[in-house]
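You will see subunit A twice below: alongside subunit B first, and alongside subunit C after that.
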Partner chain A sequence: MSLVLDILIATVPLLVIFPTLFAFTTWLERKALARIQNRVGPDKVGVPLTRYGGRFSLFGLGQPMADGIKMLFKENIVPRDADRLFHLLAPILALIPAMLVLCFLPLEFPWTDSLKPVQAFLLDGAVIFFFAITGLNTLAVFMAGWASRNKYSLLGGMRAIAQMVSYEIPLVLSAVVVVMMVGDLNAKEIADFQTGGKWIVGNWFLFTPWGLAAFVIFFIASLAETNRSPFDLPEAESELVAGYFTEYSGFKFALFFLGEYIAMFAISGLAVTLFLGGGAGPGLDAAPWLSVVWFIAKIFVLIGVMIWLRGTLPRLRVDQLMGFAWKFLLPLSILNILVAGFAWHATQQDSKTITVVTWVISLAVLYMTAKGLNQLNRAKVRPRNYRYAE
Partner chain B sequence: MTEQIAFWILSAVAVLGALVAVRKRNLVHGVFALMLFFAALSGLFLLLLAEFIAAVQILVYIGAVGILLLFAIMLTERVTGDDDRRITSRGWFCGVVVAVAVFFVLLLPPIQQWPAPETVPTPEPSVEKLGQRLMNPYVVTLEVLALLLTAALIGAVTAAQGKRLAKGEEPPE
Partner chain C sequence: MSLLGGGILKGMAVTLRNFVGSYFDRDRLTTNDYAWRAGDSLPQHAGEYPKEEGEQLRDTTTVNNYSRNFPMLLHDEGEPMDSIRCVACQICERECPPQCIYIEKSEDKKERGGNKAQFYPAKFDIDVSVCMSCQICVEVCPFDAIVMNSQFELSTPDRFGGLLLRRDDLLKSNGYYHKIHPEEAAARDQRMAEEKAAKEAKKKAAAEAAKKKAEENAKAEAEAGNEKQEDPQ
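Now for the complex of A and B:
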């Protein structure tokens, strides 16, 4: 019986907290995008779910709930020629991996005895498991695209596979740097490694040259992994109607939506664990439960940047997308591993001068490489060769 | 007890997935059934405390091999994947013989140790130990494997490039 209770304690918070945050994030995203585009955004649905919400419109915070109810009552339309089983399974498969990887985040809730981390899996190889399971998202997208029997859906699915497979490599390689420095694949260990230090942020990997480069690569690749703008080619509205979920309506569509946002939380959570010190923050000695708050606050900083990018950047072209992954991110992340190895050996002695010199060299090497790759990848402008019908 | 239940569920799913993968005419369905089999296998590895192998099973077999199969189907067959052709083979008897033989080879180690020892030494699998082993006694093997994979990669690129054209030569239509 206690086993069942343990499982419930470990999983229910994740199943409650993150979907709630998802609802809030949809509202936040709509509001933020509206501000960027000089609109107001949803502001009518208030607390008693009425239009104009009476006196309590609360900036339209009731909107996600209204959206959810609308989704539940909408008709579920399946195309006649669609593969009914796969059409049904795809949204479920999109949600499961996203929910599953939340277990690997080092979240410490107060109600477990003596702050035992509530990880359903306390695995040594949490980071590698995380990458393995996030990769399954690709399958759901492909499954949806294929099962709908719609050209746009299929194109979206194919694009998704190509994109996700390409960007997974820089994603994993940039995380390798942190694993090398800590010497452990356990997410908890990695987070603990970064606590302490000057002004709390002293040991964060973000504030080292190799960590900064890895974080930028990781963040860009995670945008592509979660199909966020500017890498939202699989669902490009202007080209593919809605991409792989063109033929989805009602609650199945809502599940896709939910899965996408949960995946965003999960991958931002991993970025927080790897580079931003996990739950580290001020006031932890007095109130250890603050670590969860700090963790989620850091996730929301990253989500905020994602929303900001969505509001400001145009979508990439397919060839630009592929070229960016293979010709820029991949070489840079491999070089970053070499730099990190060099830095690890150089900073073994506890000497200030050596550390400073190492930092300067690493920064210079990384900067020069980024510049050089940029130079090499510059599109060669040739005189255009017009061909008319002959 | 819970391990027992998990074992039986995972085994049932694995067998079912393998059967469907072989029997399904629709290729895409077959690939997904194969992935289900891989996933169940990964769960079985997890039950054996071999978490690294479990992760690699998902990463390599579902994430890479499965996706590769899907790509191959998309590029070669009609994209819909619902081709009803079936490979008919008359050599099914040989197949059964080979399958039974492989099965017995796999059974050999437990048969040799029969009857099972009373106390099984508890394994201490950890990713750390695996990494140290790979770096210390088996580093040459690892490097050779890496070289082999690089050679395969370069070979694939060369094969994909096709014949290099001389200057001024028109590409074949």
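Now for the complex of A and C:
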């Protein structure tokens, strides 16, 4: 009995908090994108189950609930020639890995009789497990594309495979830097490593040259992994209708949507763990439960940047997408591992001068390499030679 | 040497400026606030809002001359069916790219607005779930009988019957057209008047020419008669 209770205490918060945050994020995204485009966004739906949403529209905060109810009641349409079993399994498989990896985040919920806060799953190889399980998402996406028996879906699924497999490499290689520095794969150890120091942000990996480079690579690759703009080629609505979930409607579509956003939370959570100090923040000594709040606040900062980028950047072309992963991010992340290795040995000397020099040199090396790679990859634009037209 | 990723940062600055600016500067907003507020009863017709005079000028969704949603059939003053302009020629039905128009021609002819008796549409249905608002029917209509409406409050609980607009739903007076698209309607009326005048002038000229020709013919005949009479001599 107590075992069941323990399991519930550890997992239910994740299953409640993140879907709720998902609903809030859809509202936030619609609002932010609208404001970026000088529109107002949803502002009419108010308190649910009252006539016309009641008198108070609450900035349209009732919109996610209205959307959810609509999704639940919509007709479930499956194409006649679709592979019904895999068509059904794909959205489930898209959601499960995303939900599962939330357990590896160092989120500690403080409500127990003993003073020890509860984490869902404390695993020594958490970072490896994280990447292994998020890799399943590719399968779900391709399964959806294949089972729908629709050209757009299949194209979306094929693009998704190419994109996710390519970007997984820089994603993992940039995380390696942090694992090297900490010497541990345990997510909690990594988060704890970054707490303390003179300032709150003193030990965050974001504020080291190699950490900054790794964070930028990680963030870009995570955009591609979660199919976010500007890497939203698998679901490019102006090219492929909706890509791999063209043929999904009603609750299955909602599951895909949920899975996508939960994956965003999960990968942002990993970025927070690796580079932004986990739950570190002011006021932790007085109230340890604040660490959950800080952690989620940091996730939301990253989600906000993702939304901001979505409102800013146009979609990449397929060749640009693949070129960016293989010709820019991959060499840079490999170099970053080398730089981090040298830097670790240099900082072990415990001399301020050596540390400063290492920082300056590694910053310069990383920046110049990125710049050089950028120059090398620049498309060679020549004046167009017209053969047939005047 | 520019900063790596500087272009992205510049773009993000632009969007940030829009994001923040849209909260402080109302003129930035490209869309107009829907006058309906939570708690109001649902509007029945597009004409009901914006409700206040000041808001009306700002509302480009209904006042804009070229805003369009789905087609409507025009009739002149009087009873709709006594002054309908459509003669059921079915050109629009044939030209419609998504084929959302269905016309049945009447059996009898009917005189309207002082013109000669013509057919009229016994049935004229537009499936607005199919219509793509391309306005090609308006372009091809030789009688200025079909124009675009800007009514957009068309949601209905019946997704088959409710989205099929019948002839009587589509019939709108020229006055209504003037109200929703003043410039376009005025230009159209002017052109129609000019065409009518030109037609009448042409008719008049033709009549005169015919008269003249008849006179000439008569004269020629008379002369021929004279010649004939003179011939035997």
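Keep this in mind: the second predicted complex is superposed on the first by the 367 of 390 C-alpha atoms of A that agree within 3 Å, B and C clash if a C-alpha of one lies under 4 Å from a C-alpha of the other, contacts with A are read in each partner's own complex, and residues count from 1 in each chain.
One rule holds for everything that comes next: a contact is a pair of C-beta atoms (placed from the backbone, for glycine too) under 8 Å apart; a residue touches a chain by one contact, two chains touch by 3 or more.
Keep in mind the model is a prediction, meaning the values are calculated, not measured.
Trainee: Look at where subunit B and subunit C land on subunit A after superposing the complexes, then choose clash or fit.
Mentor: fit
Trainee: Contact-wise, after the overlay, does A:Arg80 reach subunit B, subunit C, both or neither (first, second, both, neither)?
Mentor: Once the two structures are laid over each other on A, A:Arg80 reaches no partner at all.
Trainee: In the superposed arrangement, which partner chain does A:Arg378 touch: subunit B (first), subunit C (second), both, or neither?
Mentor: Neither partner.
Trainee: Consider the C-alpha centres of subunit B and subunit C from the C-alpha centre of subunit A, and write down the angle between them to the nearest 10 degrees.
Mentor: If I round to tens, I get 120 degrees.
Trainee: Touch test for A:Gln37: subunit B only (first), subunit C only (second), both, or neither?
Mentor: second
Trainee: Touch check for A:Asp184: first (subunit B), second (subunit C), both, or neither?
Mentor: First partner only, subunit B.
Trainee: Rounded to whole Å, what minimum CA distance do you find between subunit B and subunit C in the overlaid structures?
Mentor: 31
Trainee: Which residues of subunit A are in contact with subunit B in one complex and with subunit C in the other?
Mentor: Overlap of subunit B and subunit C footprints on subunit A: empty.
Trainee: Can you check the complex and tell me which residues of subunit A touch subunit B?
Mentor: 3, 86, 123-125, 128-129, 131-133, 135-136, 138-139, 142-143, 146, 149, 154, 158, 161, 165, 168, 184-185
Trainee: For subunit B, which residues count as touching subunit A in their complex?
Mentor: Going through subunit B, the ones touching subunit A are 2, 28-29, 32, 35, 51-52, 54-56, 58-59, 62-63, 66-67, 70-71, 74, 79-81, 126-128.
Trainee: If we count contacts the way the header does, which residues on subunit C are in touch with subunit A in the complex?
Mentor: Touch list, subunit C to subunit A: 1, 4, 8, 11-12, 14-16, 18-19, 21-23, 28-31, 33-34, 36-42.
Trainee: Given the complex with subunit C, which residues does subunit A contribute to the contact?
Mentor: Per the touch definition, subunit A meets subunit C at residues 32, 35-40, 44, 46, 51-57, 308-309, 311-313, 367, 370-371, 374.
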